[in-house]
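The following blocks contain the structures, represented as structure tokens.
Shared chain: chain A. Partners: chain B in the first complex, chain C in the second.
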Partner chain A sequence: MKKRTVTYALLILSVLFPLFSNSSWITIGTTFVIYSIVSLSQDIVLGRAGMFDMGHAIYFGMGAYTTAILNSTYGVPVLLTIPFAVVIPVIFAVLLAAPIVHLKGDYLLVATLGFNIVFEQALKNNLFGITGGPNGIFGVGVPSIFGIEFSSQASIYYFSLFFLFLTLMIMNNLEASKTGRALHFINEDSLASETIGINTRFYKIFAFAISAALSGLAGVAFAVQYSTVSPEAFNFIQSVLFFTIVIVGGQSSIPGVLIGTFLMFVVPEIFREFATARYFVFGIAMILTMILRPKGIWPVKFGRIPKYIRH
Partner chain B sequence: MNTFFQQLVNGLTIGGIYALIALGYTMVYGVMKLINFAHGDLVALAAYIGLTIFMKVGTSSSGLSILLIVLIGTIMIIVFAGMMLELIAYRPLRNAGAPRLSAVVSALGASMVLENGMMLLWGPNLKIFPSNILPSSTWSIGGVIISSAQFFIIVSSLVFMLLLHLFINKTKLGTAIRAAAIDQEAAQLMGINVNRVIVTIFVLGSGLAAIGGIFVGIYYREVYFNMGWLYGLNAFVAAIVGGIGNIPGAMLGGILLGVFNAFISGYVSSSWSEAFTFILLIGILIFRPTGILGERVAEKV
Partner chain C sequence: MDNDRLLIVEDVEVSYGNIQAVKGISFDVRKGEIVAILGANGAGKTTTLRAISGLHKIEKGSIRYKSFEITSVPAYKIVSIGISHAPEGRRIFGTLNVRENILLGAYTMQSIDDERLHWVYSLFPRLQERQNQLAGTLSGGEQQMLAIARALMSKPEMLLLDEPSLGLAPILVKTIFNVIKEINNAGVSVLLVEQNARLALQLADRAYVLEVGKIAISGSTKDLLSSTKVQEAYLGKKSNR
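So, the complex of A and B:
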């Protein structure tokens, strides 16, 4: 009961946040919301399904680039780009994941990292002449509905927050569903899950697909928030950060992942004057966290197994 | 045909460097089953240290003795850094029996510390490596141009690889390393001090990384703080291509990848070369995940 109260309090706080903050804090809040969606979606693949995916920025970037290209180059309204920004990353996630999901641990990590580097180089080399090369694409518009434009920072915050709530809802449902249990079992013991008839290959690809869809949504919000997209925002260093957030925060733990995102993307904004030293400090913090709390800052707690089963 | 041989020489030079770096990855992975993400940054650190030592001892004169001082000094410092890395970032996790992913994140953290430490110490801008470390003579053999730096890098990479090969196969400590790579627990039961084995591979790996770093400086003549990722990733790909955990595999993989890279740059496009490297890697992972020389091991249930 108490946990639920805290959750609702935090949700209400996140809705009321723009009312008592100035515009620069709302910008930081929007950044936090967008990166939270990506980190949570990374958690589906890495934390829940246990696949070492170090190329998650690809799907985030595909969503952002899809919105940017459609809106800025072809003049499609932002809201109409959303279906494309979700479907395109999903298609690529299925195509890219299908040949490699059977790879174990580090091999999968390196393969996905490789995809990310190919993706970044494709963006930089202006593939098909639509990605804008190393500078990216400028001038992405804002969403509008019935002539009302979401142009203020607060409205973009709510636009992103809507996606975050959607993500949290999906993750909550996932936890209680057959798919969620299957992913969890695959993570614990892939071979055992296969022997009792779980189609591990299907569920692994499914995990990639759903997390790519959510990252694509985050990409839309990113394109709207910064009104520009460039290859650096989606390179493999970003993927390394998302990977780190999940492990440092706590795998398959929603509060853990949110704390991780907060530490990685909000704390640096507070300590702006030490900007150059920030990753130096982060590196030390990462090592220390792993030594002191190997399962993350806020590890997930599962129900306790009754004593008579344990022996 | 000339382009072919020219790119072959260029490829062998880069390949020699990749092989030296890949050996560090493959030895650590073989024994600890850990991708040592900070290894590439040791390479970058070596280039900086080499540059700093060279600036102190011999900007005006050049010669073999100066080069030897630079090499030995850098190797000593990088070996110390590698040992510290193991002691601070990996050993506490190993002793606590932490999950494997924690070690991966700790390695990423160490990489961040090294990379940004270098940026704070030497600044974010590219530094130019002096050209007078080696005499700048070139030879032309049937139209193919070989510089003294290339000749020196190819020959000495081969020498260092041969030395490592002898150490691993002919000495007691080398045998212990091979045993720990096959089965750490069994090795421990046979009285092998696995911690000492791990320190040894970090000493060897860091030493080779130091040499690789100086060669990078000599060959590309530029140093920047985040170049470790580039050389580290390429070397890691080389280790996988050859079969990770397999020492001759890393040597073969390094040289093959270097030549592959050079041909892609020469015949296709240099702005796509990284993408091709990783397409090659993904192809290898899909069709032969254990690499060229890796053995197929049945999964124990």
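So, the complex of A and C:
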């Protein structure tokens, strides 16, 4: 009961947030919302299915670039680019994941890292002449509906927040679904899951696909928020960041991942005046978290998880 | 005659990269039998089981179960056709409780059969006592029981057991072997992989002895127990000569 109250309070707070904040705080809030979506989607692959995906920025970037290219270069309205920005990352996720999901831990990590490096190079080298090379693409418009433009920072915040709510809804359903269960079992013991009749390969690829879809959505919001996309925003360092957020925050824990994102993207903004020293503090904080709370800041409570296989 | 052959393995070869672990073996399991595969570490016992249950691809040869050709059927489908595999090293879900682990064995079933659950609990009363305990906190022997219990929930006609005695106290091994006999008496055919040759030969009807990926000796366990070759190599008895 109490947990539910807190959840609703936070949801209401997130909706009311722009009303009592200035535009620079709303910008930070928007960033938080966008990166939360990516981190939560990373958690589906990393935290829930237990696959060490170190290339998650690819799907985020594909979503952002799809919207940027279609909107800026071809003049497609932002809202109409959304289906493409979701479907294209999903197709690539399935194609990239299919040959590597059988790899274990560190091997998968290196393979996905490799994909991310290839992806960044493809963007930088202006593949097919549509990615704009090292500078990326400028001048992404804002979404508009019935002639009303979402041009204010607050409206972009709400645009992104809508995606975050969608993501939270999907994550919530996943937790209670057969698929979510299967991912948990696969994470715990892939071989045992297979012997009880779970199609592990299918669910692993599915995890990549759904996670890429959500990252693609975040990508749309990113392109709108910054009205520009460039390769650096989606290189493997970003993937490392998403990976770290999930580990530091708490695997398969929604509050954990949100706290992780908050620490990585919002706290550094609060301590902006300390300039680069904040990352120094930050690195140490990461190390301490892993030593003191190896399961993350807000770990998920196992033992409670299986309530969904009640007989 | 051929009808009571439940599982037929023919000329199966399996490799890990360049290393051939199973070098062309053939054997069968008849309805209602307990068949043991014996052999030292690295003889290819576990690989053979994994090949049958689809966990490892076969290079050559064929595997048939009843009238199905199951040579290239993936592992997750094998359960639904009636073969259940309790893999080596127990492989239970430590973050779930005992009852949930057992119920998960019925993952492929439409619903959970209470009668079956009662039967499984009657085989392993200890698991019923601990049904709400987290599986990760069970002792080794109890985890092994749990692995077998889980494998039974899909109502298999054939049970593949990989080293059920591994790392267990002798008294627990005895308990588990007695239960395997009981399971067999209920009509489940058992293919058992074991290093503990003496116990396995006492339990099984027939046995195959693997040596570096090939079947070296085979026959009824009665014959094998009295064969000097088996006694010297696997039961540690010296001949008087």
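Remarks
Please note the rule applied: the second predicted complex is superposed on the first by the 301 of 311 C-alpha atoms of A that agree within 3 Å, B and C clash if a C-alpha of one lies under 4 Å from a C-alpha of the other, contacts with A are read in each partner's own complex, and residues count from 1 in each chain.
What we mean here is this: a contact is a pair of C-beta atoms (placed from the backbone, for glycine too) under 8 Å apart; a residue touches a chain by one contact, two chains touch by 3 or more.
On a predicted model such as this, the values are computed, not experimentally measured, just so you know.
By the touch criterion stated above, A:285 is placed in contact with chain B alone, chain C being left untouched.
Of the two partner chains placed by the overlay, neither chain B nor chain C lies in contact with A:82.
Contacts of A:57 after superposition: neither chain B nor chain C is touched.
Using the contact criterion defined above for the overlaid structures, shared-chain residue A:103 touches chain B, although it does not reach chain C. Contacts of A:196 after superposition on the shared chain: chain C is touched, whereas chain B is not.
By the touch criterion defined above, A:217 reaches neither chain B nor chain C. Looking at the superposed arrangement, the partner reaching more residues of chain A, out of chain B and chain C, is B.
Contacts of A:294 after superposition: chain B is touched, whereas chain C is not reached. Common to the chain B and chain C interfaces on chain A are residues 191.
Residues 29, 33, 35, 88-89, 92-93, 96, 98-106, 108-117, 119-120, 229, 233, 236-237, 240, 271-272, 274-275, 278-279, 281-282, 285-286, 289, 299, 301 of chain B are the ones touching chain A in the complex.
Only residues 185, 188-189, 191-192, 194-201, 302-303, 305-306, 309, 311 of chain A touch chain C when the two sit together in their complex. Residue ranges on chain C touching chain A, taken from their complex, read 53, 55, 74-77, 79-80, 84-87, 91-97, 99-100, 103-105, 107-108, 112, 134, 150-151, 154.
Of all residues in chain A, only 52, 99-100, 103, 105-107, 109-111, 113-115, 117-118, 121-122, 124-125, 191, 237, 240, 243-244, 247-248, 251, 276-277, 279-280, 282-287, 289-291, 294-295 touch chain B in the complex they form.
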